[in-house]
Amino acid sequence: MDFEFSEDEVRFRESVREFCKRYIEPRWVEIDEKGRIPVDLIKKMGEQGLFTIPISEEYGGMGGTITMTAIAAEEIAYHDPSVATAVYTLLNNGWPLLVERYSNEDVKKEILPKVAAGEAFYGIASTESHGGSDVAGIKTTAVKKNGAWILNGEKTYISGIREIQELPEGGGYFLVAKTGKPEYGHRNITAFNLIVKWNGKIRHGWKPTIFEEIGRRGISTGGFILENFEIEDKYRIGEENKGFYYLMEGFNVARILVAAATIGSGRWALDQAIEWVKTRRLFEGRPLASFQGVSFKLSELYGELEAAKLLTYRAAWLADKIYIEKNPKWKEKDLNIPVALCKMKAPEATTKIYEELMKWYGAYAYTKDCNAFRGWLGTFSYTIGAEGAQNIMRIIIARDLVGREYVKG
Amino acid sequence: MKILLYGETIEWLKQARQIAEILNGELYGVVPSRELSSEAAKILDKTYIFNRTIYEPNTYHKIIQEVSEKVKPDLTLFPSTIKGRTLAGLYAGYRNEPVITDVIDIRYCNGRELKVKRLVYGGACIATMKSNLPSTLCILLGAFKPSERQVNGEVEYLKEVESQLIQTEFKSREYVGIPLERAEIVVAAGRGFKKKEDLEMVRELSSLLNGAWSVTRPLAADYGWTDTWIGISGAMINSRIYLAIGLSGQPLHMIAVRNSKTIIAINKDPTAPIFNEVDYGIIGDLYQILPRLIEKLRKKQ
Amino acid sequence: MIAEWIGGGLVRILTLVKLTVDISQLKYESSGEPLIDIATRKMGDSDKCAVEEAIRLKEKYNAHTVVVTIGSTLDHERIIRDAYAMGIDEGYMVEVDGYENLQAITIGEIIKSIVEMTGPYDLIILGAGSLDTHSYTLGPIIASKIGVPVIAGVDSLNYIDGYFEARCIMEDGTYIYRSKPPLIVTVTTEANEPRIPTLKTILKSKKMEIKRLKIESLNVKPEKIDLADLKRYVIQRKNIIWDASEDLEKVIDNLFKLLVSEV
């Protein structure tokens, strides 16, 4: 077991850090406050090669690994602790990987280079208003007609709605819709590259709305209605009725990156805490750090964060073995438990750090002068849901430990 | 022992004289200014004057080189400014002798050896080194007290300088008030200031205190709010009072201000590094403190 | 002395990079001794600007760029590869013991030897002063040794109609120098914003060769710095802190009284 990052990974992390210090750190508060990542920053990130990292150069990708993508997500979140920029990044890295794996060649060459350049957005559209965790229960339909698909339905709590409209080339989603008979359960879902804005025009039948969120505000969240939205069959991802499985693969990759992002934010919070407890003095000039209640807690928080970090990079390592190295020793489903573990631990470890940090700050933390709340709300969103609810993670792990017959969900 | 210096200001010449006292040496100097010749002759045992052309290091070096061949110094001193260090490098390279910069202390060691202390790591550490003579040293201004010893030195006027090796254009900095390097009281503004117009408070405060004011490098070099700044690549100050407002205290800035006798800082971030180096530190918002402070000082006048 | 220089356009550019101690990460023993051995090291900021400047000229004039560093540790390899990732064509590492304690004049001799071996160069460009020793003397030392003029502390460099035009902002004002090649230029961190290597350039730089030169082969006798002591520089300060959040009026009043008494 080698617990060191490779020379490439170290150098890559340095380069991402340098980029973030220059272009993201000075603007992160504004990004969160205004609720927008400026388009010029997205373009710059594309130029720096921060999107499509694990996609091969053949399709305009960077020829890197999922571990490197996790490193990028972590560093970006360290410099934008609200995690909005890191989430924008991980979406445009994780879901394109599924596009590369299962889409039509022409479509890959059409979509991926634009995502790489930061000119188009690519995200995930799975959740519907009656359920996010319950994927098999989706109601959006796709009906085949004359070699094309007609989609009807509604998706909600989807990231990137505004960005797609603002970016010159637009973009779209890895979308899942019901295509088969209801009795087949989750074997009747098909995945599509739903490109909603292309060549500067919003395609007919896509009606978006945008929500106002309490945190992680830099990246937009919203929903859309599909009204007889037509796409050619070549935009279908993989085989008909196999969409559920591809979706689960995509979630596995995305969850690793989400965990990495929350860890980056948690590291920032921990660094703020360390500085604060050294300098803040109370009760006759004693620094906070000299109170055991504080220093003990700090140690525990660090321990939780380190543990979550190791779980995350272990999952990333395994994901690389499967998806990048294509090592036959491991299968896609081997990723389920390692991913569930890191996705369960990382946001929880991080939000705990923020809670303690804000308690140590005291009343200051409750004012907007203090920016800790932005990280708290941003990482908290990943304990609520988003890319996999925490309790679903627990079901996945429990099922593996005691067996399906005991754990119905 | 023979000491040769290059200098442009009388303050520096007096500090170099102090070094000559410590080392018991004769002090010779190259000074690029006719106006200073009579004053310099009171400080240096022999002064070589040349006509001040626009500073161009390669040309100036040729002149210093020629003088050094006449004087044959054991030790050569330059001020540790940008110009001084550039000329020192050209000089030491030509003479193939050691050069040490940012020097704050010099002692005799044995015979032909000096023990020299210099600042390194942006001023975070002091390195003590031994240097065999002949050597070149760049002295941090303000590290040595000016000597008041007076002599009756000779003056030699060097022949007219030939045309420069490189074409040069020069635009002088506009001095408003006291030059920073000589000011007793200095007020400095850092990135805590949000707008260029807010520097007006700093200007007024420095005026009420009869001092000079400047900024840290980012405000000049990045924002373009002023031409000059305080830092290792800008002005180094030796004031009695240094008031740092809204600046965090980065090493390459602090190295230029540490010689000040009393350091006072105002910053709203209690974790700012400058609070480790202050005599008096105020944790507070400059936008709340400065206006009231200025008001009180105005009233007193 | 280099007898002949390539005249006409910009053909060959040499840049130097130094592996410097990252002073922002420096830690100390309780005795005040800095922990140099375990300190992180990196390419200095002004060196990055020198490399960036060289690459910009390369892109404009199709010049061949070379980078040199003194020392051959893994960290040195990394900074050469970082220079490659920014776009430098060719690189050398000089194998010498105690690279950190070499006198500046020795480094000047080494560079002179390398220039004789691999030159001539139209431009030699390096950072004005390193983060750790900030002496600003290396560029001028090299200039003296190879007989080429130097312009030090440049924050803006252009090459127009066969002339370099360099701007230096100094204590007394702004200087603009114009000179034909060959020239030595040292740049400040204000000169440009160095490009950040991308993953693609990082991976590509791994495959490029780094040439090694032994100091013996350069005919240079290394002169070491005789370092007697290295300690943290601490000036004892009063360290009296007033917190305005407790009582703003009182703090302002304290400051006012302090300034009035001292002035």
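So that you can tell them apart, the chains are marked A, B and C in the order they are listed, and the count of residues begins at 1 in each.
Everything below uses one rule, namely that a residue touches a chain if its C-beta (ideal position, glycine included) is under 8 Å from a C-beta of that chain, and two chains touch if they have at least 3 such contacts.
As the structure is a computational prediction, the values presented were derived from the model and not from experiment.
Of all chains displayed, C has the C-alpha centre closest to the centre of the whole protein C-alpha set. Interface comparison, A-B versus A-C: the higher count of C-beta contacts falls to A-C. Put simply, the C-alpha centre of chain B and that of chain C have 21 angstrom between them.
Rounded to whole angstrom units, the spacing between the C-alpha centres of chain A and chain B is 53. Centroid to centroid, with C-alpha atoms defining each point, chain A and chain C lie 40 Å apart.
For chain C, residues touching at least two other chains: there are none.
Contact with two or more other chains is made by no residue of chain A. Among the residues of chain B, those in touch with two or more other chains are 270, 275. By the touch criterion stated above, chain B contacts chain A in their complex at residues 270-271, 275. On the chain A side of its complex with chain B, the touching residues are 275-276, 278-280. Here chain C touches chain A in the complex through residues 78, 81-82, 85, 193, 196-200, 202-203, 206, going by the rule given at the top.
Per the touch definition, chain C reaches chain B in the complex via residues 21, 23-24, 26, 34, 103-105, 108, 128-129, 131-145, 149-153, 155, 168-179, 188, 190, 223, 225-233, 235, 237-245, 248, 251-253, 255-256, 258-260, 262-263. Interface residues of chain B, counted against chain C in their complex, comprise 54-58, 61, 81-83, 85-94, 96-102, 115, 119-131, 138, 165-173, 181, 185, 209-210, 221, 227-228, 232-235, 240-241, 243, 251-252, 258, 262-264, 266, 270, 275-285, 288-289, 292-293, 296-297, 300.
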